[in-house]
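Labels run A, B and C following the written order; every chain starts at residue 1.
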Amino acid sequence: MLLSVEQLEARHGFLRAVRGVSFEVAAGETLAIVGANGAGKSTLLRALAGAHKPAAGRIVFDGRDITALSAHRRVREGIALVPEGRRLFTGMTLEENLLVARRRARPGPWNVEAVLEAFPLLAARRKSRAGNLSGGEQQATAIGRALMTNPRLLLLDEVSLGLAPVAVDGVYRALRGLIETGATIVLVEQDLNRALEVATRVACMLEGEIVLEGPAAEMTREQVVEAYFGLGRPEGETAVPA
Amino acid sequence: MNVSVERSTRLSRISVACVIPLVAALAFVPVALSANVTDKLTTLFVYLILAAMWNALAGYAGLVSVGQQAFFGLGAYAAIRLTQHGVNVYAALVLGALLAGATAVPLSIFMLRLGGGEFAIGMWVVAEVCFGLVILDTSVHGLTGVSLIALNRYSAHDQRAYAYWFALGSAVVFLGLVFALLRSRTGASLQAIRDDEEAAASVGVSVLGGKRVVFVLAALGCATAGTIWLATSITFTPRSYFGVEWTAYMIFMALVGGLGTFEGPILGAVLFFVVQDQFGDNGVWYLVGLGGAAIVFALLLPRGLWGTVEERFGLQLLPVGYRLRGLESIANPEPAEGRRP
Amino acid sequence: MIWVNQIVQGVLLGGYYAVLAAGLSLMFGVMRIINLAHGDLAVLGAFLVFLFSKHGLSPWLALVIVLPVMGVTGWVLQRGLLERSLRAGPLTPLLATFGLLIVIENLLFEKFGPDERSLFPYIGKLGYDSWTITNQVIVGKIYVLILAVAVFLLAGLQVFLARTPPGRALRATAEDPDTAELVGVDSRRVYAFAAAIAVATAALAGAFLAMRSSFNPYSGSQQLIFAFEAVVIGGIGSLWGTLTGGIVLGVAQNIGAQLNPQWFLLAGHLVFLAVLAVRLVLASLGGNWGLRAILGRA
């Protein structure tokens, strides 16, 4: 198991965004985490990346307990997050955005040239200010930036959000390419179809908990939709803020 | 579910009831106690006003000002000039404070648009400008300063008593104003502004309006403190009135007492008074201590002494907030299966 | 020609203000902290160089020791004090650095007393040598040196930020420390580094102050105000703006002094307030209340 999450608990103030979540990801797998807004998916990813301090639980990466490790240290370990909303450094050029990530990168095949090869549409915009790029270009840059660190585990948060369908196509094409090279990916996605297309495993989150999990091939859309909306749960079981 | 909103606890009702007899008792000090005690209490009242004002600015409006000495000095300056034009000295003190405080109104249009650090140093620059302009005025003899000779009409004993009553009265007025402000709608909106300006604005709170009220009040308070100081020290030397050390004292009192609480500045002023009295002669070490205390409290005890007590024990001497009774019933609903949530 | 001379002197003085303000500008640009103790750190640097000079070391050699020491001081200050202040809330850095201001000033007073000090006697002819351009425009060599250093310093910082990996890391952290962490940048280290540069340049400015003029333990407050005024006039966030602001301030002060020697400081303050007022009015006309727009940030 490359990644092992045990009883992870993450809060926003008093709100328990992630409640006792446990799951595992093997090397080479692509885990898609789906769920409605506010289900806790982004918080979970941020906790994995080290950007959000968990209230309880453990994160074990390649046998190492990294729960207490800060975000920039996790990058060295091999975890990279493409955050929700891209979060590029808009004041810097595309190339500079990539170069920032190179500084503490692990050794590996990814560098600026490799990224521009993987996302050819970016090559022409190399010297443009990141703030001036289109949505699709920004998303590609954000993914490229994460790749620059040569991660062993790539976390992607809502990469299709706010993008035109054709841009999303491009992003997922690149993702499939990555998956083919054996990358381990955890992606959070609201678009069920896209998620089921690329995932080997699917987990559905509802109100901070994983309510459904299993290999993508064995799951029907109906099962996922039911879990997504919390249908079919016993009456009266509502979430009370702790 | 039994939830009600109450404005005061039993403890706070008792405290309020005690205030009037306390003030009445204090009024007798000049006649009943020694000159020394009278003088010291007058000084204490000045500190009290300054602490309360700075606390209102920083703790309630979120405005850190490193330049309140501007009003402190302007108040004294205005009073002196008025007496030089023949105004009765005690009327001049009150009028001077009002005039100096009034400058805050146009100033606020400008200064309140600045954020955080810019406002802080901006106010300091304002204080330096006031200082620079005042020392150009030959009628106060530039840097050497001038005395409030108009006081000579009154005997030393009378001067002391009048200054004391002026100080006591001012302290009651300004603390009362802060209290009223906090209990009013403006007070609630100030808390909201302090917690989250954007959110407050989005529910219709006039952010600028709330801050302006506090800014002008603080200016009036500091200006009054300045005129009281003039009445007791009699001389007006611009450098000491416009000095940034007054801000140091105010920060110490507000921070150590408890920023954002009502009782905090009172505690802070008393503490500062004691420290001044005991260690004031130790020159720089005493100031180093003040600065060091400000750092320590800012970092480790940001809620100050009273704030920490209030948090720990839920104590509140004076009723300035709203308390929800019966909240326990919402937080812990009866679980359906009899298990603890 | 008298006026031309005053303008020239003002420009030269602006060079000093630029060196003084560079650190303040950097700290604010990267960390959003206004270090109220900045001026006092400059004066601390001045006293350190002074101490070495009194014991026979050339001030220039003393600087070689003092600048790194002050850099380390900045690092420690950031990690020990400012980092915590940042976490606690927006008011806290102001309170903590003000406390620091009081502590430094009074400790310096305790150690050195109230006397004015100067490095003037220790820099040989540089202190009073000058070039006579016309018989009314005379430029002191030390002033020209300071201006030259200011230009080099700002250019160097600009290149550092634009071209080097640590500079990029600094820019990224300044814009979005959270995301910077996600790509492997240790934001705390970056902040400490920025603080080190800021305090070291402050110390350099302090030494320059000591060379061209005099200083005492309480000079720091005044220097802070100058630095702040220069930064605001020139536009927060722009390094070259700091030079422009410094020059405008210096020129304003000298012209004011030419009208009346007592108006030196006041002229500077009034120009500062005027620039601020103009910016606020422009911002209100443009409808953008953002602080950066108001204070001219690029």
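Going forward, a contact is a pair of C-beta atoms (placed from the backbone, for glycine too) under 8 Å apart; a residue touches a chain by one contact, two chains touch by 3 or more.
Computed from a predicted structure; not experimentally measured.
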Chains most often in contact, by C-beta pairs: B-C
Using mean Cα positions, find the chain sitting nearest the overall protein centre. C
Using mean Cα positions as chain centres, tell me which chain lies farthest from chain C. A
If you average the Cα atoms of chain B and of chain C to get two centres, how far apart are those centres in Å? 32
Computed distance of Cα centres, chain B from chain A, in Å: 51
Dist(centroid_CA(chain A), centroid_CA(chain C)) in Å evaluates to 43
Spell out, as numbers or ranges, the residues of chain C touching 2 or more other chains. none
Residues of chain B touching at least two other chains: none
Where on chain B does chain C make contact in their complex? 58, 62, 64, 66, 110, 113-118, 120-122, 124-126, 128-129, 132-133, 135-136, 244, 247-248, 251, 255, 259, 284-285, 287-288, 290-295, 298-299, 302
What residues of chain A sit close enough to touch chain C in their complex? 49-51, 70-72, 75-76, 80-81, 83, 87, 89-92, 96, 99-105, 145-146, 148-149
Chain B-touching residues of chain C, taken from the complex the two chains share: 28, 33-34, 36, 81, 84-85, 88-96, 98-103, 105-107, 109-110, 221, 224-225, 228-229, 232, 262, 265-266, 269-270, 272-273, 276-277, 280, 289, 291, 294-295
Per the contact definition, I'd like the list of chain C residues that touch chain A in the complex. 165, 168-169, 171-172, 175-176, 178-187
